[in-house]
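To start, I am sharing the structure in question, which I have written as structure tokens.
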């Protein structure tokens, strides 16, 4: 067949993340499967399949009354890169089949753009879109990130690095700061309620609120806070790949995220330097610490050994059960009613995604720079 | 000389930014020069040296009473990649000599770590640091970013894309939202005061406040807001290089930045979906617009043609004129007094840096994906 | 479990190829499946599954008496990135299950290193290896490359770019230069014999020779020549990503390749400039051509519109049916006898791999630089 | 000024090389300066400026009667990244001013394309070219590579890794294989003659021949052979970044290179496996070696500890002093006579460039993978 070229793509698609611990994901909401290849995981890392599946279970739909009712087992399978229970240093491919696509729920969408979704921008950008369930723009692809992030977490755990996130806000309901002792304790409290808040009292309030929003056929936003323990000094690559900049990009790449802050965050912009500085002291163990931690564990873009603290803001999910006005591809007015199965509030399911993305950044930077110098003796 | 290896570096240093419009910067605060190579700028772009120097002049130290008093002309020179006034498609090297280094101001720093600076983390990471003026961690390297960003802006201007930032907050003083008509008008108002706020009344208040903080020997933080006009639909590369994620990483890589939000930002996390959705309509010009813009011009990580809106939070600069307690490299208690010449508030000088980083992201994504598809006719 | 770190990996694994048309492969010889993700293929490209499977059939084992007798159908499946027969611009995942692994054939290999294989180097590098069939070092992973290369070829065919390789040498038997008219004719002649030589007389000689080598339980090397038709002017990115440099790296990454040359090649190094220069003339069609083509279609690293010509040298495969002396992991002497099922000469099956790798390079560079300039009118 | 866009660039320019030890070069033949930024060199490496300048002196023009007579001192200056004689881990910028440009020598070239040069392809690709001296396509940019390669060599020398190249062929004159004992001895012999051949007898023959070619106003090609001592086991990243594939790309990126082979090379393609295999034995030092080295020190793309051996073929330089027929930009017939100052044979000056590129590859891979695994104890 003869072709002449009208337009062309010079697209460098952004489906990979990381430099040394590098993942590439694929898969659409209503396609056959989603998955990921990890390239650069060190060899000889023991792989705990139960752990990986457990992380996916925290993200999967249909897990409680306050999440979407789509049912997926999100069962992951490893196709390569692991031999006799350990990584071989070759690429690790992980596959998660899609099971419960209800494509006909979206047959009414082929021509109209749902407000605040990516329908319009994907159609404009590619000239073609898989309209079923949002295609690649659906949050379903985050399952692949959680699978890869679980392996990153296993790597970090060998260094005692723990990534601990929880839901700190739902709508205007804010949890108080939570004192974190050990990872196990923190996770036990957090997993004891379906909203994944580490303060049980606030959790109750949040669950009630989300349930009422759901009954309204509406949605609401929230915030996830993350605390990283035992990050060694030195991670982060100035000037552009500063650790907090990479964490920010990682979090902002998650669906529905509209804001990122670390340490003193936006509040810090209202402070004075004399109030804000973290004074260095020598700890009783002999290492260097700071009395306060406005820096959120990162100075000059490099980790300083104090806990890393950041917060991620999620907007309310766009699909609501009310009718809304919109346009179709021709720009003509149309009406759309939200069908499909949606979360009234995404943040309970976002917690493992935030942890996974943080793990991918930390694993990458840990590999990128354990030591940034060569030490020679004559 | 014989060497045996004690430790080694497997460092992938992060001094490059961008994929197709790619910059690599070099240079330290008290070294001979700073500079940048741009690789990937299209050929045949006319280069306006006055414009580039003008952007650098907005960033340079010693520009007003409310900035650091270090005097640099920040005169930029192009060494390659431009022939007869146009780019050749080969790498463009730009050089900015350092002139007013007062290295002895820092001779007291060789052994102690200034609180909330990068002294400690750089020393721990590399085992060696250029202590003069913060070395590579100093904000001086941002001059190279502004130089490169100016060329990115020239490229974007050929497409009528305008990047317009201003100081929207200093400490707790917030400017009201500013109605933006044309780029020229906006810039005229903004440049009419030394704090670069586009609301003249608030600007007065801000200048007075910063001056009093300076007299206290203290510093204060602030926020810069940015509005991008005429961004075409389709920029951004899901799933990891979403446009707002790349903007976030770009902004967070600037010294002293602790937070980034776009569109409805952190406030949006408190809203309901029914309040938050941007309804599509057809504009009188025939193109598709939204009535509101909580999405900040970006949906699913791809620009939708509405103005892009984001905000960057800066912490107060860490060097203050008070004595502070700290430790030295051995962990022993020491005292430090801030010398050197410092900004009481960085945000007036940060405005051109924010614009430069936004330009680098937009130029990169504009090149990365003008059209994401091939259109064939049989 | 508590871990302390003895050694660490700072590995940037090289399992990806390409910048804009970027592939990442995974899979081992005796694992469950091999596969590839393509990121950056333009949207709206029609996908011809028969064509893709046809390319894989040319590479697969068990295809004739002069290749390995391992039987694989190499049936490929696409899991994402294609909707209603066209690419969507999202990542394309392709999966090829392994069927005929005879892992017990390799149970004698767990402790010894086969000469001239990668057993020793993989064991030394990773500290662990999947000894079955060579694991990731096996040529089986090239099936994934051929699958991805088939899609690259479909893209190039929309521009009439044709990649035409054939076996030009087996051992000391060299085919004469072949006059190439159309792609269809060339492929018809080449596929008419099992050694894939485009000169039928030489093909007979080659087949007879390989068969005798096989009966000896030995192997022999050969060369594959490649001719690319209709490559547009301008492909290639000086100074490091010159087109011939990228082709060279692509070919050298194929198992058993020991040499690459283009244009006048090694023979050109013996010539004088006065004999070697390609004189420009204007063709009857009005475009610029050269009378001779010692440049092999590439000047200064950029394609000039003349056919691209290069040659790839393959060493004899290392597994032979004779006993050989070797060592085991402890360095102790051991004997090894070649089992498994192997090719007496790899070049017939290498032809589609050479074409696939060339297609990946050309597709990448075609996307990287259709036009290297912006053309503006006031 | 108003612009509308006719064409655009989606160019990913290839002016960077390496992943972890990463260089970006800039500069044209007749521009102000050429230079390079190295990003990723470990901190604390002592920098020997005399050594670096010495390497540049081996490449510079005007060094003998058998090279071009253009006079440049190629004096290099380091602008950043080195403090008190050691690298800081921040980017190292190196600058080499151009001194002896004779731009008027090229004023006759503005409209015509010199045969076998890159004039035509650059003009077609970018729509603009700096015609003076070949602009960016000139071999002058290789000075920047040698400067950066010198620092890579200093890094490798700390590990006793030595890179030793010499001219093994000029035209049809081939040197016999040279037995290499120590690096110092090899270099002493090689530098004792102006053609840089490590066999003094052949060197005499070569010099006489080149001189006669020069008097003819003609040019001739040649080959450079390279031997790398003490490369540790494990360097190289399958499957695409195999060590020999990266070396091949590096060498092919050098001006005038038309072929690359390693180990048994093209000759190996004529051999049988039974003749070709390298048998493993345990050396008297206890490490694993092979009796022969057809593998050229690399198996499965990974170094095995044996010397790495490869060969690079250079075509004759294209500028000759005879008149030649050509065309101009409009495709009209024109005549051109070679002016400017050119090498009759490039290989003596290519030796340090080959060594520099090999050093960049080895340094990058040494950083990329010292150990490819993590070794944990419970």
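Letters A, B, C and D name the chains as they come in the text, with residue numbers starting at 1 for each one.
Just so we're on the same page, a residue touches a chain if its C-beta (ideal position, glycine included) is under 8 Å from a C-beta of that chain, and two chains touch if they have at least 3 such contacts.
All values reported here derive from a predicted model rather than from experimental measurement.
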Quiz item: Which one of the chains is farthest from chain A, going by Cα centres?
Solution: D
Self-check item: Equivalent interface positions on chain C and chain D, same or different at half
Solution: same
Quiz item: Using CA atom averages as chain centres, what separation in Å is found between chain C and chain D?
Solution: 25
Quiz prompt | Between chain B and chain D, centroid-to-centroid distance (C-alpha), Å | solution = 37
Quiz item: Which parts of chain A, given as residue numbers and ranges, touch two or more other chains?
Solution: 3, 5, 8-13, 15-16, 19-20, 25, 42-44, 89-90, 125-128, 136, 158, 238, 367-368, 370, 372-376
Practice problem: Spell out the residues on chain C that touch chain A in their complex, using ranges where they run on. | Solution: 3, 5, 8-13, 15-16, 19-20, 22, 24-28, 31-35, 37, 39-40, 42-44, 79-81, 83, 86, 88-93, 95, 125-130, 135-136, 158-159, 367-368, 370
Practice problem: Spell out the residues on chain C that touch chain D in their complex, using ranges where they run on. | Solution: 1-17, 19-20, 25, 113, 115-118, 120-122, 124-128, 136-137, 141, 169, 171-172, 213, 218-223, 233-234, 236-242, 244-246, 248-250, 252-253, 258-266, 268-274, 276-282, 286-288, 290, 294-296, 299-304, 313-320, 322, 324-327, 331-333, 367-378
